[in-house]
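Have a look at the structure that comes next, please.
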Amino acid sequence: MAASARPHRLMRNLSAKIASLPMIFTALVIFIGCTAWTVVHSFTSSRLLPRTDFVGLAQYERLWSSNRWIVSIENLAIFGFFMMVFSLAIGFVLAALLDQKIRFESAFRTILLYPFALSFIVTGLVWQWILNPEFGVQSMVRSLGWESFSFDPLYNPDIVIYGILIAGLWQGTGLIMCIMLAGLRSIDEDIWKASRVDGIPTWKTYVMIIIPMMRPVFITALVLIATGIVKVYDLVVAQTSGGPGIASEVPAKYVYDHMFRSQNLGQGFAASTMMLLSVAVVLIPWAYLEFGGKKRG
Amino acid sequence: MQSISIRDLKLSFGALTVLDTLNLDIRDGEFLVLLGPSGCGKSTLLNCIAGLLDITEGQIFIKNRNVTWDEPSRRGIGMVFQSYALYPQMTVRGNLSFGLKNQRMPRAEIDARVARAAEILQIEALLDRKPGALSGGQRQRVAIGRALVRDVDVFLFDEPLSNLDAKLRSELRVELKRLHNRLGNTMVYVTHDQIEALTLADRIAVMRGGVIQQLDAPQVIYNKPANLFVAGFIGSPAMNFLNGAVVQGGRGFRFGDQLVPLAGYDGGRLLDCADAVLGLRPEHLRISTTPVAEGINAIVDLDEPMGADSLVWLRSAGAQISVRVPAETRHAPGDEVWLVPDITKASVFDARSGQRM
Amino acid sequence: ADLEIAHWWTSGGEAAAVSEVARMFDERGEHRWVDGAIAGGSGTARPIIISRILGGDPMAATQLNHGRQAEELIEAGLMLDLTELAEAEGWRDIVTPVTLLDACTVDGRVYCVPMNIHSWQWLWLSHQAFEDAGVEVPTNWEEFVAAAPALEEAGKVPLAVGQQSWQSNGTFNVMSIALGGLDLWRQVYEEKDADAAASAGMAEVFAGVDVARRLSAGSNVQDWNQATNMVITGAAGGQIMGDWAQGEFAIAGLVAGEDYSCLPGLGVNEVISTGGDAFYFPVNRDPAIREGQLALASHLIAPDTQVAFNLRKGSLPVRTDIDMGAANDCMKRGLEILTRGDTVPDLAMVISPDTQGQIEDLMVEFWNDFSMTPEDAQARFASIIASAD
Amino acid sequence: MAPARAEPRGRRPQRVLTRRNVLIYGTLGLISLYYLLPLYVMVVTSLKGMPEIRMGSVFAPPLEITFEPWVKAWSQACTGLNCDGLSRGFMNSVRILIPSLVLSIAIASVNGYALSMWRFRGSETFFAILIIGAFIPYQVMIYPIVILLRDLGLYGSVWGLVLVHTIFGMPILTLLFRNYFAQIPEELFKAARVDGAGFWTIFFKIMMPMSLPIFVVALILQVTGIWNDFLFGVIYTRPDSYPMTVQLNNIVNSVQGVKEYNVNMAATLLTGLVPLTIYFVSGRLFVRGIAAGAVKG
Amino acid sequence: MQSISIRDLKLSFGALTVLDTLNLDIRDGEFLVLLGPSGCGKSTLLNCIAGLLDITEGQIFIKNRNVTWDEPSRRGIGMVFQSYALYPQMTVRGNLSFGLKNQRMPRAEIDARVARAAEILQIEALLDRKPGALSGGQRQRVAIGRALVRDVDVFLFDEPLSNLDAKLRSELRVELKRLHNRLGNTMVYVTHDQIEALTLADRIAVMRGGVIQQLDAPQVIYNKPANLFVAGFIGSPAMNFLNGAVVQGGRGFRFGDQLVPLAGYDGGRLLDCADAVLGLRPEHLRISTTPVAEGINAIVDLDEPMGADSLVWLRSAGAQISVRVPAETRHAPGDEVWLVPDITKASVFDARSGQRM
């Protein structure tokens, strides 16, 4: 009987496979293909145009001997660390506040979320301006009589990265808050009741019970923040262009500048390969724990 | 002595009044079951007792102390939830001791209490597992343990068994009953499962729409339901209701063109009533395959063997009647039979008021 | 045909100059100038331009700093060969200095039209600022440094420098020619002599830059023309910037010699670097476009275009056989030096963008980080030169 | 504590100014101020004239309201030769936005659907690649994609850009859709298969109508992302189809003498108007969708 | 005639083999219940029949046609799910006609079929509502209707009643049985509720760990369970198991220090066996308050009134025994009683193999 013939493996789910072609294409050609292309070319001396004259690890040697790259990495580490910590902390606290059955919840939520609608360019521009010592916060405080007040994060190399952080948080915490809020709302209300009956103070319930329960939510949030952090470029360009000096350089800008300004594709590729590598170093163990762990139950 | 007294309790959610002027006294050491259909306000009442909801009006006393405005943790109550509400990232031990630690109880005392509760509930071996690694029944026990360690006067249960499968449910039911016998605490238990209510309760409060319909011992509720609602709600399969009229000065019940004598009825003196309902439980009917003078003529519809016994479904004068028969008995659909009721166990209701006569 | 022209000339003076050229081109009929300006400087524009060329959908013409930037594109055969037109019009005879055309030439073929000469070597001084400070307008770098304390006292920033790295680097480069001398400069950049880069001569330059960076400490601006604006308004004493700054002065209605003055080579070494902008014409299959490209190339170098454009932009024309009578004081001084032949090639012609980028990174760091000593900076500079190509 | 009345009865006495309320509303109020500050600065500045800006603090309200900057930003600001402000880019942005939205959401939703309901060998692997791809800096892929689009013959057309937006939106959107569809009961899917519905019928007739919240989330994210994009818009299209952000960049980055902050701010606000409106209008659905799509990690 | 034949079915999820070499023949028009604990592979088997899972090995025939690789919609089956799986955005009518539209059936025919199914299920009035506006029982009916309209040979049910409350469950059970009587289709019904299995099934297949333990009529399953697992799984409360030994050449059962005569045992010839289990259902024990020579001595532990009857829990020689007694009987905890078993209904198992002797 024809019907009983076992269909070929490839033919099962055919529509699904066809429908997934764009994804497969993107995954293989764009992400894998382009990544491989990038990695390969990071071993060449490509300048303006990609070429295949291999120079071994020369690009990497130069990369790691570059002061600017080191500063970029440091900045990314600082920015990334604080961005994650503060986004999660602020996002969570805000969500917890909004979750107190308060009035005007949707108004507050909209206020906290709207910056997310604005691009980094715009964010950078506004904050550059607010933080400008000549007519921003500093001048306002001074005009109130506090003559010695000094607040010029964007012009002080030691703290410029925090100036960028302020803007980054302003733009990004709204979304995190939303995710956290959704997470809080998904927690069984009986847990709250149980902890009240147990006589546990609210803050302690949050810290000891609710936060651990929201692990998946935190992970989703973390992934979102992390993708943003690795790519932070627009914000820096809009706020400081990496300055003062090279105090606020970030890896993505290093990549961009070398590829397009210095016309040294090889160097840009080496830098981006390093970025990818560090992402992979963080991501792969995590994915292993996360997905490998599920099977064990 | 009253363990819990509720005085003129009123509770509204905005415009919706869920409980209105509710009064309830629960005796010390009593196992009281709140039974009723979904949405009737059982959980709401329990939450009011626990202090998890701010009441709108009235007073609540626990052990003669006015706790109306007390925090849940200071009312001397323990609570067990339908979803268990265990803290998932803590071990069983952590779950049990968390509340105590919070009261700054000495370590040794905590350990002793946890050990005792674990022993009572037979979960000693599970103390270092997380809730995720427990079966439904075990989780339920841990949830009870959490109330147990706090040495409370009153246990509140909100449908603690309804997430479990039938087998486990019946096992835990027995355990719970034993626990109550052993501890002697007051227990207030919410359920919509009548078997649980009947087996566990010292008294059952049947609720409907926020109002207590009947508060009495299970046998009374089962055998002498106060009204049609209670009668229909309790018993599975439900009590058979025959719509008809009380005639002959209360001595007979007219059902279709048949007349059922009411001699031996256990209730008030019956008066004639044009619109009455005769309630007969399936086990209070006997099937005769030969004509019986005063029996109710019926046609067999369906046969449901249930292992220990069987149910026979019949039709008579437009009504559907179920009869419980021994397991071996078989009746073929379409057979004509006569049903002989045990009137001493029957209930007659006034169809208009719904009250038992 | 419609010719799309990409460039990053968007500041006031630049835009005025471009629109004049475009208007004149349109008036010739036949072809139309479709403007494809991208603001944000060459850093923003270049990837776009290169992507377009690589992507096979090139613009008809694009601005690029001539020099080594386009080499690879030419080698890849992506640029239109203008040799025939150049020979027909005799560009080799008219372009002065001829090094400009050399920069457009690869293997004897001409690939670009030099548009103007830009020289970096100018110190622009605000008369207003010095007046406010009560000191004479200086005539050379030493005097300028000497006058700085007075300026500071009057609440002015002595030297305005924008935060972008190319500006600090440009300032450094100007100072290295002015303070270090031409020979040293050639040794360092043309011959890439690391020893020269580490020499005492260069040390002097770094010491000078050390002074300059301290004089510029208060200028919290990003863009070059914001810095220029500080000079225009008298908020700053001076700015070391290329001749394009003149466009800004002109737009602001200031008169050279009266409201501001200019010191080529910082008034020390009067030379001019002959960098500049050039237009390249990516190969296009459409014959109509190709025809337009040739017409445009010819238009760009035509005498009247050169006059109109350069007067507005404040840069020098690439040919001397035209009447620049309308030029202002400063421009005339530039023309003079040019005619004298005191020129050095532009940095972009002698070092690769990569090396340039490295030096820029170093300079912007040095300029902003006062904890970096001139010696440190010089040592790193020397190592960059050692590995330069 | 219980008041003088001996017997507590009825509702627990509640004061409006409890410490809890002061804390919650106080914190939220302060934070809202921080979030609103930049918007305030933008609006206020855009309504001032240049002289006033140079004199006063950024925070001062305008003494004299002028709409000049808005007019200028919309229709007069120059880029090179073109002095028609943002108006030129608006329609282009719309023309880019609509097909990009449709295509990217269509593809991502089908991906998510296939990944959650029609798993096939390797589908999870492709998905993992996609997620890691979300961490790759865009700059790295600019050249390879240029070459790819050229070979596809799409370079320079709006469709090329649409494709790019689809590709870069794919990871996060697919994740959202996958998580959303994964929590739709499998039985529904089985029932439809028994009913003889195939891959597409189930998608269009059963899944899509159930997925409004997640489509809203995808829509909002994409509108923000695509509308605010500058780099791709300028690299993968030609000047006659440059989006609004390119004009914004040109206005903001072309400094004519002094920075015309008021015009910049007006331009910024004008550019952000579309995503902002979408946020204000559909914020509630956004939170709901996030709850459905993001929380189940 | 066989309606469904399953030959050597094997199904693995990766390394986990859920069903292994399973053979099953389902008769035409039969109501077959798959009963077993959670996770035993019931749903998996049903999904294999429906074609919703790709089997690893073996063949499936429906109406003698090999459908092993057919699409679900082309197997002539209809399926009803636990969660109803109604399409929430379609009206009831839309839900019913969706499958038919997919077959491109003419409009008129669709309408006729929908009308007929609606009539059978008495949901005519609901046709234009959406599932969200229906009660649990109504949703269940619509779900059945969806299979009904497609005029299929075989109905597959996956725990269709387990989301409903007890009362509704018992009502719908009867309805389902009636429907089966009326339509006469083959029905395969998955449940882990034994009451459903006992009342509905023509035959029950008891499964455990992917293996069919016993396939027989309900009475046989209930009265003569093939092994300890089936015996323990069926019946609520569970069968009492007394661990002891068959002695005296099969004529007696030693339980603790008591001897229970096995005269009248209905099974194979009993042989002595040192390690045996005597299984007695709660209703096959009688309580005597006076000593009975061959009775089992026991102490009353607990009393569970269940309305229609009562359960008494007792302890004897370390075992816990439950006995079903009439509703009126009361026993006080601690009373000493004697249990008289009805050996003709008892089962004796070999404790090692677990098989009934």
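Every chain is named by a letter (A, B, C, D and E) in the order it is written, and numbering of its residues begins at 1.
Rule of thumb we're sticking to: contacts are C-beta pairs under 8 Å (C-beta built on N, C-alpha and C of every residue); 3 or more make two chains touch, one makes a residue touch a chain.
Values in this document were obtained by computation on a predicted structure and should not be read as measured data.
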Chain pair that, of all pairs, has the most C-beta pairs in contact: A-D
Label of the chain whose CA centroid is most distant from the centroid of chain B: C
Distance from chain C to chain B - Cα centre to Cα centre, in angstrom: 91
Rounded Å distance, chain A centre to chain C centre (Cα mean): 38
Rounded Å distance between chain C and chain D, as computed from the means of their C-alpha atoms: 40
Whole-Å gap between the CA centroids of chain C and chain E: 90
Junction residues of chain A - those touching two or more other chains: 12, 132, 256, 259-260
Set of chain E residues in contact with two or more other chains: none
Residue list for chain C, restricted to those that touch at least two other chains: 47, 54
Residues of chain D that touch chain A when the two form their complex: 20, 24-25, 27-28, 31-32, 34-39, 41-42, 45, 53, 56-59, 107, 110-111, 113-115, 118, 120-121, 123, 126-145, 148, 166-167, 170, 172, 174, 198-200, 224, 228-230, 245, 248-249, 252, 261, 264-265, 268, 271-272, 275-276, 278-280, 283-284, 286-287, 290-291, 294-297
Of chain B, residues touching chain D in the complex: 54-59, 66, 68-69
List of chain A residues in touch with chain B within their complex: 188, 190-191, 193-201, 204, 208-209, 212-213, 297
List of chain C residues in touch with chain A within their complex: 42-43, 46-47, 50, 54, 69, 71-73, 76, 163-165, 220, 222, 352-354, 356-358, 361-362, 364-369, 380, 387
Chain E residues touching chain D - in the complex, by the definition given at the top: 47, 50-52, 71-74, 77-79, 81-83, 85-89, 98-99, 102-103, 143, 146-147, 150, 158
